[in-house]
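Two complexes, one shared chain (chain A), two partners (chain B, chain C).
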Partner chain A sequence: MADTPLLKVEDLCTHYHLPQGTVRAVDGASLSVKPGQTVGIVGESGCGKSVMLRSILRIVPRPGRIESGRILYARADGQVTDLAALDQDGRAARAIRGAEISMIFQEPMTSLSPVHTIGDQIGEALILHRDLSRKAARAETVAALDRVAMPRAERIVDMYPHEISGGMRQRAMIAMALCCGPRLLMADEPTTALDVTTQAQILALMRRLQEEDGMAIVFVTHDLGVVAQMTEFVVIMYLGRVVETGPVRDIYYRPKHPYTHALLHSIPKLGQRRAGARLQSVKGGLPDPYLTMTGCPFAPRCPHNDGDRCEREAPALRSVGAAQEVRCHYAERLDLQGVRKAVTA
Partner chain B sequence: MGSYIVRRVLQMILVVFIISMVAFFVIQLPPGDFVTSYVSSIAAGDRITQDAILALRQQFGLDEPLLMQYFRWITNVLQGNFGLSFQLQRTVGDLLAERLPLTLAITIPTTIFVYAVAIPIGIYSAVKQYSVGDYLFTFVGFIGLAIPNFLLGIVLIYLSTRYFGGNVGGLFSPEFENAPWSVARVLDMSRNMALAIIIIGTSGTAATMRVMRGMLLDELSQAYVETARAKGLSEWRLIMKYPVRVAVSPVLSTVGFTLPAMISGTEITATVLNLPTTGPLLLNAVKSQDMFLAASIILILSVLTVIGTFISDLLLVWADPRIRL
Partner chain C sequence: MSDAILKVRDLKKHFGGKKPLFGKAPRAVRAVDGIDFDLRRGETLGLVGESGCGKTTLGRCIVRAHDPTGGEVIYDDPDRGPVDLAALSRKELQPYRLEVQMIFQDPIGSLNPRMTLLEIIGEPMIVNGLATGAEVKKRVGDLLVRVGLRREHMNRYPHAFSGGQRQRIGIARALALNPKVIVCDEPVSALDVSVQAQILNLLQDLQRDGDLTFLFIAHDLGVVEYVCNRVAVMYVGRIVELAETDDLFARPLHPYSEALLSAVPVPDPEVEGHPHLLQGDVANAVNLPPGCHFHPRCVYCVARCRTEDPELREVNGRKVRCHRAEELDLEGVAQEEAVHG
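Then we have the complex of A and B:
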């Protein structure tokens, strides 16, 4: 049972059809999450992390559309539903959304309605999915706020988002996402907009709640330190594709993809500023999103580009080692350097 | 909140006072006064002696300094006496009592019509942006904005007389003009009023529709809408509860000053439609320098505007918890 995945994304393609051309935001990405597991998704800005999560939740806004692929979700009764095949606004998709799979967004400042009270916005999910009365929903909301260690929850329910701090708003968001007891929580850079202290508190809170509830978490970030701290399994994305996946340790100690390698060595470390030691950033910029390319998408920026096969043939995602998968022709031969200690932020 | 209201009321009194003064003096700005324009309007054959003119001036109090005239008028107004219309030889109070109710009877339903039609269309256009319906409403909206009201009035009068056998302008069809009140008369009046409401309301509807569409489009892409969607709410329900709620309050709050704007903005249409509202009365009064009448109407309009704006502001405060006083 523990080995059947809770969520299995297969070759997902989500494209935006714009007048200027098609943006392949997610372009054949695959991903698997086991019950209770925490999976980190890492990648540069614009690589399709948010679009991937929105695709799973079926809230991709127009003109975005899931073009192909499957999103297999195992419901509590063991039945497997292909979320990608559901009607985005249909009853079936909405029954799962917010109840079994929920999401925390990046911007606590703008992710709550400015003109509705915190209690109204959280209670709404309870009324919708658990059929509670207004009064019962309010009591549950206070309890949910208490669980996320919201100070003075009894008063906060009746407050508006602008009356509380960013950290408290993110706590409210978490309470909202968790109030219906989801089996999968997706967090899209939940701490990026917060200061470091608040960030640490929120991360600790999420870990505690996961221990208590045992839900699976998909955690999107571009902070590799946070990944090391929060997750067991990492998915590295590049240009809408998964280029490497594996357990955190393997990825950090033995990266197999040049892009992962570049990402790892672009993390600033305390005390690194010795003479001569320079911070490497990933060289080059992202290519034009409208271009369709042949060959490896990372080839133009890759120091190991052979100028031939890499330019002609797109590598497939294949297994290297026990649990690691990589999308590179030369993964075994490159012998890339990992980082010595898993960095902690 | 309490001190805010007190502060605003004091401000409003000051503003109305200044407007009354400006209105009074501006009407006097053209050379001459009511007597001059009265004399020149009388057939050239009738000679009027200088003495008669002087007597007229004295009778109307026009020989006194302007400031004196103003203070006498405003003191009377504060006691409920708006003075006399020189031209119509009736008290301004009487004239207003005759015209204001009908004016309100047309502008209030028009205001309701404007918002009741424009807001749902605006919502539809934003939610279904770039759909056939959106393009259609956009097209109709621009036409509604581009056509002057009085022209629309003429066209609609033509169409209604040509195809529906309606009357030409006025509040009643000829057969009901002097008839006693009856169900048929009320129906007849409603029909003519409906025409007036459509004509007067069209441009406002077109504009409000565009504003609503734009406001809602801004809100639809906000992050909180996505949060609501992620909760599993159905699309229409979440749209009505969140972005529409945010977008509609500034639109609705304009209701306070739309009403007076409509009362003062319909002179030409009311003239074309031959409606006995305050509009044509004001137009005439200004033309003939009938100063007490003109100044009184302007004063009432400005009071309505100021109160309307105040109500709008209060509505906005009530609708948006972020606004602190």
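Then we have the complex of A and C:
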């Protein structure tokens, strides 16, 4: 049964109906996560990656709403639940959220409560989901903080978030997310707000915890370095749609979508100094979110735009190769270059 | 004419530490604590370090947005001769404000939402008497074209532009006075990667066309390696290493530089990173450890490091602040063949 997905998102649409128009934050995105797998979702700001995670947890802020699609989650007892059909404040949703699926947010300062101690915030989840007494919850909290290598855990428990550093706050967030033993951890840019040295510590910590617990991780980020080092399977999103998915090696060495190619080649990479050479940039910027696009959403910025089919017809996500899928009319013909020339097959 | 356009000598900026009405004075935050470097004409000098290391404060001291606590910032003016910017009064400083400009990190917060682009970019010209009337309009139009915007944009307000375009506006404003030195404070860190490349290319074009010198403050080492000729690594208010970019990335001399370089995740799934994980957090700028400030986190620390504060000294033509710089064999970043696709 190892191949049955833990989570399967099918054609999810989450829209925001605003006075100025409708923002299609997630517009027909699909995703599949197997038990124990690490999946990376990559995209620029506004591509809908955070809204997708929030849709799965059913914490989309108003006026956002899941319009259509299914979010199939295989519970611990083998039962498959469609999270999209649950009442978002109902008992069933609350039993899953925080206990079976938990989340780490980007900004630990704003997502932790400033008026509760670290211990109270972690303990709350334990009391709620595992029915512990206050005293047992406290002991459990200290153990949870110890697991994330928090220095002086017995003292940190009684401190407020503002008293500790950014890296320690992110450790506390991780301890909170993991204290109920989730089967799926969703990490929304968990290291973006941190310095590189702290980021390296947190990534090493997450890797170790995954080895110990065997949970699946959905990792949202815009940092292609983090994705390459942390994930097995990658989903590239652009304007609410999945434009390419595949195993991490296929995406990095054999990209098929022009947007993936552009992402891979627009970052200056360490150790690849190109004296005097220019970076390849993508022309233009992200379009107005209220616009309804006909044709391929990437067409206005795409160097391979044919001016005809690309602007008329929105490409469908279709399979190229064993596990790779791409949303481009010309995927096979473009012969796009990956991050290296010589590829070990 | 010396080749240094700006010489920074023992620059210090401490915050707080004033004695209150009652009780004893608190300790000052030593944000910038004795910085020495030369900025060479026409180069891009990178300034890297973690948040809180004082790199932004240093940039702000150089443009005199902060008044330094001590030290000198000697600007070598081609017409008027060398002058210490740190010692000038506000009034005396006026003519030099034109020469040293700044580009800010946040392209939204640094533009006044109630002013049109014509006003934002034109105001410094009018205030400094560089242009009047129709001349302002013409110059603003030219600048907008130079940074990749259109002339007709000048009557719009900043909210009508995207993040990348707003950063272009900030660059046009910095260029309005024909400066010689531009302090770029994290100019691309708020931008998406696809837009970031456009701005980096623009900065490089501008430098090539006009005789510009950049002090480039950033925390993204990939960006720094791409745009900078030389790099200074800062750790709690001090420079710990200063070297040519290629030398620093190939073989760092300071353990902190090594840790920084190794921590950057490699965007290639088959190249496994081996980060030298640092223990603990950045030293507290209020209560600095004795000896070398980096020693509590340094894996190469010996007894001497705990007691004796190292000087920034010259080793093989590079500057480094470490007792053991010669004996340590530190790991850099492998130079790989670049792929253009």
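Things worth noting here:
Convention: the second predicted complex is superposed on the first by the 335 of 345 C-alpha atoms of A that agree within 3 Å, B and C clash if a C-alpha of one lies under 4 Å from a C-alpha of the other, contacts with A are read in each partner's own complex, and residues count from 1 in each chain.
One rule holds in what follows: a contact is a pair of C-beta atoms (placed from the backbone, for glycine too) under 8 Å apart; a residue touches a chain by one contact, two chains touch by 3 or more.
Keep in mind the model is a prediction, meaning the values are calculated, not measured.
Contacts of A:L185 after superposition: neither chain B nor chain C is touched. Applying the stated contact rule after C-alpha superposition, one finds that A:A125 touches chain B and leaves chain C untouched. Touch criterion not met for A:V220: it reaches neither chain B nor chain C.
In the superposition on chain A, the chain among chain B and chain C reaching more residues of chain A is C. Shared-chain residue A:V60: touches no atom of chain B or chain C. Contact with chain B, but none with chain C, is seen for A:A99 once the two complexes are overlaid on the shared chain.
Touching of chain A by both chain B and chain C, each in its own complex, is seen for no residue at all.
Residues of chain A that touch chain B in their complex: 54, 57, 59, 61, 89, 94-99, 102-103, 105, 107, 110-116, 121, 124-125, 128-129, 160, 162, 173, 176. Per the touch definition, chain A reaches chain C in the complex via residues 44-45, 151, 165-168, 195-201, 203-204, 222-230, 248-249, 252, 261-274, 277-283, 285-286, 301, 336-341, 344.
Only residues 50-51, 162-165, 192-198, 200-201, 204, 219, 221-223, 225-227, 245-246, 249, 259-273, 275, 277-278, 280-282, 333-341 of chain C touch chain A when the two sit together in their complex.
Of all residues in chain B, only 221-224, 226-235, 241-242, 245-246, 249, 319-322 touch chain A in the complex they form.
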